[in-house]
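Read from first to last, the chains carry the letters A, B, C, D and E; within each, the first residue is number 1.
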Amino acid sequence: MTIITILGFLLIIIGLWGMLTRKHLFRIILGFSIIDTGIHLVIVSLGYIKGRTAPIFDADLSPIDAINRIVDPIPSALVLTAIVIGLAVTALMLVYVIQMHRHKGSLEISDYEELKW
Amino acid sequence: MILTIIIVLGILMLAAAFMALYLKDLLSAIIASGAISLMASVIYIILAAPDVAMTEAAIGSGLTTIVFLYALHLVRKKQEDKHD
Amino acid sequence: MIKRFFSLIFVVLLALVFLPLVTEIKPLSELGMTSAKYAEDGAAELGAANLVTSVVVTYRGLDTLGEVTVLFITTAGIGFMLRRKTILPEKKRRASEILKSGTSFLLPLIILFGVYIFVHGHLTPGGGFQGGVVIASAIVLLMLSDINMHPDHNILNWLESLSGAFYVIMGILGLILAGGFLDNRFLPLGEFGKIFSAGAIPVIYSLIGLKVGAELVGILNKLGREDK
Amino acid sequence: MEHGLLISIIYAFISLSVATIWGLLLGGIMMKVVARAHGRFGPPFWQPIIDIIKNNARRTSISHGIMYFLGPVFRIAGGMGTFLFIPFIYGSMVFGNFSFAGDLFLVMYFIFFGQLGMALGAGESGHPYSAIGVARGLSQMTAFELPFALSIISIVIQYGTLNITSIVAAQQGGILHWTLFTNPLATIAALIALQGMNMHNPFSIVIAPQEIPIGPPTEYHSNFLGLLQTNRGLFNIAKLALFMNLYFGGATNLFSMLIKTFGIYMITVIVGASFPRFRTEQSIRFFLGVPTVIGILAVLVTGYF
Amino acid sequence: MVNPIYIFVIALFSAFLLPVIDKLGRKVTLGVFYLSLTAIFAVTLLWFRAFGEGALIENIFTAGSLPPFSINLRMGTIEAFIMLFVNFGALLGAIYLYGKLLENKVYALMLFLTLIMGVNGLIMTRDIFNIFVFLEITSISLYALIGIKQDARSLGAGFKYIIAGGLASAFLLLGIIYVYRITGNLNLDLIISENPLLLSKGGLIALFLVVVAFLIELKPWPANGWALDVYEAAEPGISAMVASLVAAGMVFVFYKFIPLLPHSWHGMLILFGMLTFVFSNLTGLKQKNARRLLGYSSIAQMGLLMAVLLLVRRFNDAMDIRYALSDIAAALFVNHFLAKAGLFWLSGIINKEKARDWSFNKQPVLVLLFAVFIFALVGLPPFPGFWAKWTLITKLAQYNMIGWIVPIIIGSLLEAAYLLRWFGATIKREQTEQVIIPRYKILPPLLAAIVLVIIFPSFAPYMTGMKTMFFFPLLAAAVLWLLDVMPERMRGMVMILILAAFGWYIYPLAKGIVLIFEFMFIAGGIVISLASLNSARPKQGYWEFLVMLIMSLALIPLAKSSMEFFLAWEFMTVSSWLLILRGKNGEKPALTYIMFSLGAALLILTAFALSFAETGELGLVLLSNLNIYAIPVYILLALGFLVKAAAMGVHIWLPGAYSEAEDEVTPIFAGMMSKISLWGFILLFGYMGNKVLGIFELPVLLGWIGVFTAFFGALMAVFQEDIKYLLAYSSMSQLGYMILSVSLLSHLGWTTALYMSVTHLFFKGMLFLAVAGIVSRIGTTKMYEMGGLIKKMPASFISVLIAIIAVSGVPPLSGFGGKWLLYTALIEKGWYLQAGLSFFAGAIAFLYLFRLIHTIFLGQLKARFREVKEASLWYIVPQFIFVGAIMAISMFPNLILKPIMAAVETQFPSHVNWDGYTVITALGYWNGNAVMMITMGVFMVPLIWLLVRVNMVQKVEQFNIVYAAERPDRPETTHFAYNFFAHYQKAIGFLVKEQITNFWNSVSEWFHSLSATFRHIYTGNGQTYALHIIIYIVVLYSLLGVK
């Protein structure tokens, strides 16, 4: 349904806004994870067809008439990978923040500006 | 019926998103972001994508929050050593 | 201050960029070209009940291989970045009573549930990743409850490396014996809906489950140690 | 060359001696006129000849080096060469000189030959005044060469040839055919340039008789000075002959040559006598101002109308 | 053939097992690591060889089903070519990082392997989501690898990189999912075939998101602050990988998406690419940090490569895309790949933060490597970059996209500026401490340089079909470089032998005017380089550059095609620039020289490109039948040659270049190199004759420029205190005469030009050789410090005397011939005012010539030069060869006039006739022989007169002068030399008050300030960079007019 796609895009916008304006490093990473969740929502919502069930064959869903009874499996397959990649990136960013904090002792993005021009 | 659940969940998620960004205390901000993932996995159930729901629940709300908390712990630990 | 103002303007403009995506594209009415084919003869070809799993493991097997590599790199990266000599945390206050007894009761259940998920990956929703994460959360619960208990480092390593290596071997077997790299048909498809069906999918998925579980425990283990 | 080599050398020798004597006499007359202008009698008009004889009769002389020794040789060679390349008297065998070897440009550039030699010799002497004199002389020379070159160019455009004899031929037949009348602008520019060439008063800073002892030739004496003085006479006549041929219709016989050269020389002498002395930069600025404009006008007039 | 999947298998298999193998010790792990990298490289090599033998494109399927339903990889010629370099670079990078990999934990090895796998995957996969996964693998392993160097700067840079990378992949993911939603499948080839589906509103936006994600990964100009920080702060080995491997992967992925892009977008994307190229190079001007400078350069090259990939799409309507693409983009890619990786490795070895602290001129290996990489990047001849720029500009002109040539020229000039400035400064800086080079660290740059040099033959011949003769300069230089072990003088002899053999080789090829130029270059070159044999001190690189210069000069007149001309021209520019750089404080003049020369070279290149556009071939002879582009080509070529001839206005490089170069080299510059511009004009007028622009004819304009150059050159020479500056301005003024006479376009005019150029070679060669001799004895080039040397150095005096008589044009000697021909030609043509001004310039020439000879030889001898000896024979002999030549020409002018007149006859009908020795023209006549005889005669008479009484002459020593009866004590007070023409300065000194130099300085100042303003957009804050990315996306979206 499009309502969920809209919800997804709103989450992306909020995450982006948080990432662009909040100074604290943790908040930036939180913004990132919100963007990721938003994107995953959009992806899955695009695969959904009204009034259809999950693409898993069992007793009452035989493979023969599956074509007009199941939801699109590919988006959920892609999202699986996307979620784990999202986790990977978030974990790495957190480690970077830990190391930066260990070296510079500050958690403000504006303190890491010695590389410029 | 489903539509009302979705709308309610949607509003909750947006609220949680704002809380995650603007709450003073970091710990509760992280919890808020975990909540967003939880509600998102409920929506995935509605969208007939059980695999994704499980993954989102496990990784999104579970693991990401744990990693965040550990990171917070490590950073807090360092700050206390410095102050005292 | 003006940076905040600029951010506001351009985030709104970006939203406008996304607007047509939402308005122009109507919700899906029937399956696309590829998913229609998957729906028709996905089950027949690969014999897996869970269509998503068959897509994830075989049809788009290279993605999942990439996916596992991503997780593998993250563990390596975190281990690499936090490579300071870390000391074991000194005795802090012992875990609360409830946690300890709860863990002793819940632990086997969670592990059993995790194993169930990735063994039945091709039949019921869930699979390697979800199963691995559940097992990892079980181990974390154990670590929290019993502070001085730490998963032995090289068991994790061996587990991780071997499962990764076997996964690649599975791929090569698919290439040599069956149609292409990561093809699951080099093992008999077995009876549809049963545990030993869908060729190599369950084997691959359990290998992934073990690997993901080991990796996530590794990540949490490295994060958990305080450094000097 | 119609007649043999030996004969032409003898002829050249004759015309050279005539020119030198006449040049020296002109120098003496000039000294007489200036003296009269200053209200005194001045030396006899053959005084330059006496000087030369006196200088050459000296028993001792010193030399600062080879170039110093060769300076006067260059100088007199320049004078003689310039003279020999100009047909002295139109139509006469004896005074035809060697004008077959080169045309107007050769003569113009041969003037530099003498200047260069003199400069080198003076430089070798090591005397600072001679070097300063040379610097002044060369600067002035470049300045007055510009109007002179422009007038020469306008004449070449007018007569369409560089051959001096044909230019003189074109001016025969009455006074009105002289370049003075057919191309007055060029003649005026040339005459102003002549004032600089002869280093008469407004532009006499180079030798600067009163100020420092006689500019470049400061260190010269005895027979070196003798050579220089003979050259002053000869070189003077060479220039006058050139001007006579180009602007005043050349000379068909010896007598008209004497009158014309005397007349031209007297213009510069009279102008010189009544002027104070310019500093070098003033003279440079002067030459690059009005005379050059006249020269350019002359070229434009003859060239494009 | 080996299935390319094994690349992934090897990489992953060893990556997974490395932690376990590490238990057996790090040496074993490293063994496995290098083994797997070599295996990957071997697989790619096999494939490349197969494609070499004509194998067809291979599609590799996975998961046993056909593409849309499974992921497929493709292995084509282009993929194999790029993967060959990626894996070769990976192997070298791994060797370079050996030290780091040894001491760090095993994770670094695994990360490196996955990085390589990611890049290979990016290149091969045809599935869009798979591209996203491999992109993530590459980026995440890079994020981690940047963490090798644990300090605040590299962590900050890494974090900014993750933010930007994360944003880019977020947009990519969104784009991919919407492309899938619209086209129904994820396979790139199928999507390309069903393109119309994407043209709907939503489809375009989805495509836009995907493309903009790749653009951000390609580090576009305004939004690439994060990339610069990574290049600056990360470990050099890793930055090398980022700059070469990862960039290669990203560019190729962008190339894969180009067929999808609607044509309306191409223009805008090319513009953005060009903007990145120009502005990154512009900001590079102000860079102090070495690696950040390299970062700017690699971003610029990526921008150019992206623009070229799009431009090349438009070329292909006429030609097979393979040909068009393969030589431009491939050459640019290879050039950038190897050079940039090499430079980053070098920066790792030298390990100095500031570009100013780089100094290693005592270590030839490092110097050579640095030179190879910088020259490749700047696009100088023997390297692929040169061919790429040449083909690119010619193709651009051919498809009349002339507008795009301008940014390419500006960008490459800016890049040349800061790279060559850096090179010059590094080479000239005295080396203080030895740079320790670990064995494994020097190997990768060495291999990269070797491949860079070897690879060019594979591009050159089949593209241009040139005669191999045009590579002789390089060959000769290499031969001489190899003979480094021989003593200096021996190498000098060998060089002269090579020159003679080369001269003999090209003799049959040259006819008419070309023969005269060949005579000047080869004969002049041999005689002048005799003087360089004087000292036995080792001269690093001297002979190589000298032989390269002379041979390239000799080759230019022989060039038949514009390609050959331009190649020889560039060889000449490079070798002359290097010779200037060798001068004691030659750094600054060398930079001005190279900037002007490269500017001129690019003007000429554009002109040839336009002519190629109209005629379709490269032949020089076709210049004559141009009509559409006739005027622009004419003007561009004329401008290029004017800059080379140091005409008024573009002359500021000349004095510095001639005087700072070594004394033995300046005669070659003044005597021969300046004549090449004369040959250019002869070529130009010969083929294109007279062109009219608006109201005035171009040759007349050139004539005026020539006259003004002559006049101002002479005027500036008068006020110089340094001999070499004086002679430099003098040769500039002489060249002005030649330009004037060649632009007369008449038989007499050209004869004058050629006559003057030959005689100018003789006397200018003599003058500079004499000066070299004097300076080698005296040590200073300041004229007022000398004086009275006639007594000590008589031979030099004689040759200088003969020279100044010849230069000033005083009759007996050959100079007068030149002046006479000039004036007759000018007046015949009707250029009267030019004649007047050139006469005035000739007179001024007299001033500085006398000043030269007076201040050095005449006047008072200084005390410290009392026991100075005559200049060494090596200097005197060539001078007296020239003296002999001048005397011969003065005695028998038709020795040289006849051949010149015959040669010029081919171009213009001659109406000059001969009568024995007299040259008779319509205007006047001149009999050189007779003039000489008469002058000799006239000179002998007074000489005999003086010699008769010579015994009475008594020689006196120095201070015996008429000095108001006192004895001057010190020579300094009585030697009048300083500010010799003070009054001249007061009179018309205002004419030469440095206006032109100030103008050019303000131009360079303007560029620097512009660069300073533009670099301030990189504030260093990670969030601002993220904002820049969002702004970039929104702006690109609106500009592309995605409807």
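The rule is short, and it goes like this: contacts are C-beta pairs under 8 Å (C-beta built on N, C-alpha and C of every residue); 3 or more make two chains touch, one makes a residue touch a chain.
Not measured: the values here are computed from a predicted model.
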Pair of chains joined by more contacts [C-beta pairs], D-E or B-C: D-E
Chain whose Cα mean lies nearest the overall Cα mean: E
Euclidean distance of C-alpha centroids - chain A vs chain C, Å: 16
Centre-of-Cα separation between chain D and chain C, whole angstrom: 109
Centre-to-centre distance between chain D and chain A (centres being mean Cα positions), rounded to whole Å: 101
Rounded Å distance between chain B and chain E, as computed from the means of their C-alpha atoms: 59
Two or more partner chains touched - positions in chain A: 1, 12, 16-17, 20-21, 46-48, 54, 56, 74-76, 78, 80-81, 84-85, 87-88, 91-92, 95-99, 102
Shared-contact residues (touching 2 or more other chains) in chain E: 129, 133, 136, 140, 143-144, 147, 174, 178, 180-181, 186, 1023, 1027, 1030
For chain B, residues contacting two or more additional chains: 49-51, 55, 59, 63, 67, 71, 74
Chains that touch, pairwise: A-B, A-C, A-E, B-C, C-E, D-E
Chain E contact footprint on chain D (complex, rising order): 9, 59-67, 69-70, 72-74, 76-77, 80-81, 84-85, 98, 100-106, 109-110, 112-113, 115-116, 119-120, 123-128, 131-132, 134-136, 138-139, 141-143, 145-146, 149-150, 153-154, 156-157, 160-163, 213, 218-219, 223-224, 227, 279-281, 284-285, 288, 295-296, 299, 303
Residue ranges of chain E touching chain D (in the complex, touch as defined): 788, 790-791, 794, 797, 801, 804-805, 808-812, 816, 819-820, 823-824, 827, 830, 832-833, 835-836, 839-840, 843-844, 846-847, 850, 853-854, 857-860, 918, 923-927, 930-931, 934-935, 937-939, 941-943, 945-946, 949, 952-956, 958-963, 974-976, 980-981, 983-984, 986-988
Chain C contact footprint on chain A (complex, rising order): 1-2, 5-6, 9, 12-13, 16-17, 20-21, 46-50, 54-58, 63, 66-68, 70, 72-74, 76-78, 80-81, 84-85, 87-88, 91-92, 95-96, 98-99, 102
Of all residues in chain C, those that touch chain B in their complex: 50, 52-53, 117, 125-127, 129-130, 133-134, 136-137, 140, 216, 219-220, 223-224, 226-227
Chain E contact footprint on chain C (complex, rising order): 3, 6-7, 10-11, 13-14, 17-18, 20-21, 24-25, 28, 32-35, 37-38, 45, 58-63, 65-67, 69-70, 72-74, 76-77, 79-81, 83, 154, 157-158, 160-162, 164-165, 168, 171-172, 174-175, 178-183, 185
